[in-house]
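The structure's right below; bear with me while I get my questions together.
So that you can tell them apart, the chains are marked A, B, C, D and E in the order they are listed, and the count of residues begins at 1 in each.
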Amino acid sequence: MQVFTRKHHKHQEPGTPPGTLPEPEAGVRAPLTIRMVDYTTEEVLDRELTDATDCLPYLERPTRTWIHVQGSAEADTLRELGRIFDLHPLALEDVVLGDQRPKTERYDAQLFMILADPEVRDGRVQVHQVSLFLGNRFVISFHSGPKDPFGVVRERLRHPEGRMRSRGPDYMFYALADLIIDRGFPCLEALGDRVENLEDKLLQNPTRETPRELQSIKRDLLLLRRKLWPQREAVNAVLRDEGRLLTDETRVYLRDGYDHAIQVMDLVESYRDVTAGLLDLYLSSVSNRLNEVMRVLTVIATIFIPLTFITGLYGMNFHNPDSPWDMPELHWYWGYPYALGLMVVVAAGMLVYFKRKGWF
Amino acid sequence: MQVFTRKHHKHQEPGTPPGTLPEPEAGVRAPLTIRMVDYTTEEVLDRELTDATDCLPYLERPTRTWIHVQGSAEADTLRELGRIFDLHPLALEDVVLGDQRPKTERYDAQLFMILADPEVRDGRVQVHQVSLFLGNRFVISFHSGPKDPFGVVRERLRHPEGRMRSRGPDYMFYALADLIIDRGFPCLEALGDRVENLEDKLLQNPTRETPRELQSIKRDLLLLRRKLWPQREAVNAVLRDEGRLLTDETRVYLRDGYDHAIQVMDLVESYRDVTAGLLDLYLSSVSNRLNEVMRVLTVIATIFIPLTFITGLYGMNFHNPDSPWDMPELHWYWGYPYALGLMVVVAAGMLVYFKRKGWF
Amino acid sequence: MQVFTRKHHKHQEPGTPPGTLPEPEAGVRAPLTIRMVDYTTEEVLDRELTDATDCLPYLERPTRTWIHVQGSAEADTLRELGRIFDLHPLALEDVVLGDQRPKTERYDAQLFMILADPEVRDGRVQVHQVSLFLGNRFVISFHSGPKDPFGVVRERLRHPEGRMRSRGPDYMFYALADLIIDRGFPCLEALGDRVENLEDKLLQNPTRETPRELQSIKRDLLLLRRKLWPQREAVNAVLRDEGRLLTDETRVYLRDGYDHAIQVMDLVESYRDVTAGLLDLYLSSVSNRLNEVMRVLTVIATIFIPLTFITGLYGMNFHNPDSPWDMPELHWYWGYPYALGLMVVVAAGMLVYFKRKGWF
Amino acid sequence: MQVFTRKHHKHQEPGTPPGTLPEPEAGVRAPLTIRMVDYTTEEVLDRELTDATDCLPYLERPTRTWIHVQGSAEADTLRELGRIFDLHPLALEDVVLGDQRPKTERYDAQLFMILADPEVRDGRVQVHQVSLFLGNRFVISFHSGPKDPFGVVRERLRHPEGRMRSRGPDYMFYALADLIIDRGFPCLEALGDRVENLEDKLLQNPTRETPRELQSIKRDLLLLRRKLWPQREAVNAVLRDEGRLLTDETRVYLRDGYDHAIQVMDLVESYRDVTAGLLDLYLSSVSNRLNEVMRVLTVIATIFIPLTFITGLYGMNFHNPDSPWDMPELHWYWGYPYALGLMVVVAAGMLVYFKRKGWF
Amino acid sequence: MQVFTRKHHKHQEPGTPPGTLPEPEAGVRAPLTIRMVDYTTEEVLDRELTDATDCLPYLERPTRTWIHVQGSAEADTLRELGRIFDLHPLALEDVVLGDQRPKTERYDAQLFMILADPEVRDGRVQVHQVSLFLGNRFVISFHSGPKDPFGVVRERLRHPEGRMRSRGPDYMFYALADLIIDRGFPCLEALGDRVENLEDKLLQNPTRETPRELQSIKRDLLLLRRKLWPQREAVNAVLRDEGRLLTDETRVYLRDGYDHAIQVMDLVESYRDVTAGLLDLYLSSVSNRLNEVMRVLTVIATIFIPLTFITGLYGMNFHNPDSPWDMPELHWYWGYPYALGLMVVVAAGMLVYFKRKGWF
């Protein structure tokens, strides 16, 4: 349940003034790196900044700038960035808090988007928050996790022929968002494998761990759904945004990203649909196995009960030598074989009867 | 069930004229306090009123006024306030009745909003009603519970630099609403812990109390849902309101509050989703335990049944000294060891068979 | 099931011309009373009519008229009223048939609304139909049940200061509708008590009657839902109506009535949600009880099975005086105590084992 | 299942040109009759046609014409009608195929509506397709079943005073549609009786046939839902149609028909809701009965087990005349009565214990 | 589960530049054929192309061209086609990846539609992707499966009178889409047969394979739903498209195709509804069978238990010749017959009792 409680819906103390930037808790702070990429069609400049203000000299040049902050940003760094790029304090608050609902907000001349970056780590789904600011000449991205997923984009930027070099920051914004959306696919693939394995196990050899595993998968799907459903809406909100930050061409590409967001949601819903029936299937499987056991055992017991009755019968001590009814079988010449035969006949008869009824 | 019945959907006798203010029942009346805060950018005046009319002198000054009424207001106090601030009788009726559905109403020049303030007390969720009036130069708030939650806001007002001092009553309105919305988070956290504990218990050691506990959690979630779902809509209604009471800047902040309202609802829905499957999980857990018991016991019984049959067999009293078939085993030299050995063989055979079938 | 079949979706023979007024069946006819209230701000005239045409003289005076028909109206009375007030035949057909879906229709200059008046009688929910016509200077109401619920309204009319006296027929229309909507609250309270009692019983002492009782509650909730859901829509339709029959002031009051209609629906949905899980809870409760019984009994049986085996063992008749293996225990000095001791040890061992496993 | 497969979603071979009219399969062809009613306010002419072209002479007269085709029309007849009245080939294809989804289409100057005519035959619901064309001066109706349901309408036409005579073909169109919609009520009444009976049986005396019967009812409801849900939409589409084929007056009547369509759907949904819980109720009923059996039997078994143990105990053959512990009970004067007494005490003790626990 | 994972939601490595064409994996590549049909009202030219560029000469003629690519297209072929017909790289990416969500996109002057072609192969549902481009004078279609389904269309083209010859490429576009939509019917018919068979089996003779089979059907329905639901939307998007590519006449036909798409979805939903209850039915069937077995066996056991007790009773060895209570029955003249008679009476009594209770 940890997924839902303390870790996953971070919030400030009720009554805190809006836009207050909380310090991330000391224990969980991921190491912070700030990386700036300054690029035009002609050249690319990629460097790590030790301080947010280090980017100031580059901003005066007629280039496009992408600043990526990896890890839990401290309030100080954010305040500086906020001042330099004129970011809205409410947006910054969302960045620091982390674990916000994906959404798109327009603050005057800027677009602010929160996305969810799902990842499977140690078999459990984890969701990191990605925050993107799109301004006239810059893109700023924040990723709350320990590992920077945007290496591929920097790679693509290095190709001088790449579309990315020749286009504005809106295309960069699209590229980052698209990458994060697409990261849902491998995550769902891993989850799909788990569902598949569980289902096989469940039909063939269910153990007591199976419901627990099932519950854990359901939890992961629920988490994904809670994050990815609004994400779809967030991308759509960018598409519908009427500002001039996005060119029509980038919009076409983003529509493709929107399609992917829908496909990811479709998969989540499909998996939810499949897992919904699995607990019933498990119960049916378990009770089938028990039925089988009980049936065979009961049949064995039932066959021996009349036999034991017969042995008890001839174990009685009636004794009146004067009576002709004094358990004459006991004194017959064929008495014992007769008793054994009787038992064989009874047992065989019951076996045949049960077999015919299909009880074992 | 008390949650739903007598206490929680207060209503007047059908046919009562609308706007009639009922006296709160004597027994449940929380002590009433009226507190007025009169502020401008320069000064703040915070005092407790003994009577509603005490605020009259302050209203003539060009300041902003926030009046907070804590506890169950009597009809008299409300009528006075209603006369002073020109509040609509239907709104006042909703205030006195309490336990209304969150909503936003516009009455001419005023905005009236009902919110739900959830709180966990003694392990059960309780919901108090918060009613807010926003006028041109004042905010009036009512809280039906025993404890005033707005202390933090008064604290913030004391900072001369705070945004709150320099802005209009609409910002105060936002601040109060936002605080109430955010109070959903700690409440849901507590509920989340309960769900978490219950789930652990359920998978490891379910008792007969578990369904009862589960039912109680479901009830609390249902109550929250019933209150918080319309709350979202109420905040949205304020955002969509086209009057001039709210400045654009406050709207931006309120949009943030709206996001929080959605996040709270998301959590409620997630918990509902998680608890939905828990009764099934409990049943599967209980039946798993029973199966285990039954299986082992049945196996024990089944093994002893043929053994007892054998003892019965050699306990029979067949006796015809002339017959060679007269239970010759009884007279063998190795008779008794043979019988014991037979039993060991039979028992061992069954054990092996059952083991192979995986029945215990 | 009667609720759903013959009694509750009355309809005419397919192919009957629209607007045909059927005679109510003789057996079920409630006694019919027509009561007219003619009022202005100055005076109120309240009298029972023996015939619909008796109201004609009053209609020429510049007053407001409210005619209430209680019980199953015959086609004749309706035809007369229809002619006098120019009511649409389709509306009259709905009035006579009864048990129609709540709805609002506009027929030229008139507004026609059907509402559902729920009532708990002998522990079962019954729904009577209330039909309201609003014209320029009159309101006509029909109530299909045996008892007139509008006494309170007539009471209020008698106060010369009351709002009702000074306002138009639209306010009377609102007052009647609001009263009917509010009658949902006590009805739901009674139902809530039943749910509460059932739930307690179910967790503590479920009997075979419990599912039947549960089914009956579900049925009542279903009936209420079927009637009250469209009622909400019907009230909304009046609010949205663009004609001049309703003043803006009455609309504000009606909006309050609309809120109540939503609250009633919310309660119905909440109860449905609560009862949805109760059958599962019952099953879990029953199977818990059975498990307990089975477990204790099985443990008892299982303990005695090996003991009985031992008695059988020493009840065997092996007898060869020449053999040293001839059941020597039988001839020991401590033989019998040894056998008893063996049984005690076996029984105690099993008890300890089962106890440790937590099986009883 | 036949309801769903071969018979109920007739379709052409994929790739067939649109508007191709298939011949109905020889085996299932219902006898075909064409009946023409030509009417004005003054006179009515009702005759059976042997060939579609027989109607040609009447079309030139300034009358309204209603042609009804009963049974499975052959492609030839339809092609002729299509040519005479200028019907769209796609509509004709839908008529021949049958079993189409209810819908309304506008083809230039004509309105084409498909409705579903439900009927209970031999206890199972069957749905016939009714297709209606409304032109400027004619109505054409098709009914796929063996029996003409429109006799009542022809009857009404004969009354010279009837509204139908004096109004245009749109009123005829309404009358036919309304009749078909209303035929849902008796059908649902029959189904409601079946649900009612089943529920009674289920609570009192469930048999193995009950689930099968329940499944069959669910199937029928599903079929009705699949047909009647779009029917509502189809009627609404006619209401929203902006052409001049329908007068405002007819629209008022059709709105009444729309209300009926909603009421029918409401009933279907209510029955679905009721039946949804019935399988659970059945299972609870069956397991209740089993529990009772098992409990009594187990109690009997459990009481005899210790008794049998006692008999086994005193059936042991310990025999050492020298030992004072040599089963002294066997040699007591009151030995046998003591043993019998012991058994009585044990049995009575267990009975009391079980009784107190409430196990039988 | 394979349906959902690796094979069915193909996606590129996150971060790949948009519009990159991946090579299909070597192993699964279906043989590729390109077929061009060039037609006017007068003549039809149908030939297989070895290279995409072979079509260039035909494009200059004033004819309509339909190019169909069957099997997994390589990136090279697509790039060529893309260059020749100016296809959008994002659309081409969707074509190569395959298994995309059905959708309609407008890229400048072209319409791009993805459809799903369901097929039952070896008893499992498989879905191939069909991609259609509609340009001013051409249609290009891609089918990812091994078999070309469009033979029927080519056949129809050969008829010189066919509508297809005389109309533009939009009609060809419609014809191809309609064929693919209609292919859902036979597929669902096959699935319906499976559901029908399963249900019969389930009510009469459920085996352990039944839940597995049921799960597999549910999976297939889920897959169809995931593909066919958006397909409906895709067709609707074409209908709503405001470009001039489609004539009004073709739109009428396409509306018919849209109806079929809805009908297919209706069937999928109906089957889902039917299968939803089947696992419960299976469980009820299985537990019914088990109950029957357990009941008969328990009755047998219960009857013999008291009998065996009696035999044990008279097998006891009480022996004190001096006591008159020394098991006098054993010495009676009628002792043995009395004992046998006692057993018969007990057994018969229990049989009668059980019979009356209806326990077997």
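Please note the rule applied: a residue touches a chain if its C-beta (ideal position, glycine included) is under 8 Å from a C-beta of that chain, and two chains touch if they have at least 3 such contacts.
Please read all numbers here as calculations on a predicted model, not as lab measurements.
Asks: Please tell me whether the contact surfaces of chain A and chain B are same or different in residue numbering, using the over-half criterion.
Replies: different
Asks: Measuring from the mean C-alpha position of chain A to the mean C-alpha position of chain D, what distance in angstrom results?
Replies: 41
Asks: If you average the CA atoms of chain B and of chain C, how many Å lie between those two points?
Replies: 25
Asks: For chain C, which residues are shared contacts with two or more other chains?
Replies: 280, 283, 287, 294, 298, 301, 305, 308, 312, 315-317, 327
Asks: So what shape is it, when you link every pair of chains that touch: line, ring, star, complete or other?
Replies: Here the contact pattern is a ring, one closed loop where every chain has two partners.
Asks: Please output the residues of chain C touching chain D within their complex, sorted ascending.
Replies: Listed in rising order, the residues of chain C that touch chain D are 1-2, 4-6, 9, 11-18, 88, 90, 100-101, 103, 105, 107, 208, 211-212, 215, 218-219, 222, 226, 279-280, 282-283, 286-287, 290, 293-294, 297-298, 300-301, 304-305, 307-308, 311-312, 314-317, 327, 329-337, 339.
Asks: Touching chain E in the complex: which residues of chain A?
Replies: Interface residues on chain A, with respect to chain E: 149, 152-153, 156, 162-164, 178-180, 182-183, 185-186, 188-189, 192-193, 195-196, 199-200, 203, 252-253, 255-256, 259-260, 262-263, 266-267, 270-271, 273-274, 277, 280-281, 283-285, 287-288, 291, 294-295, 298-299, 301-302, 305-306, 308-309, 312-313, 315-320, 322-323, 325-327, 357, 359.
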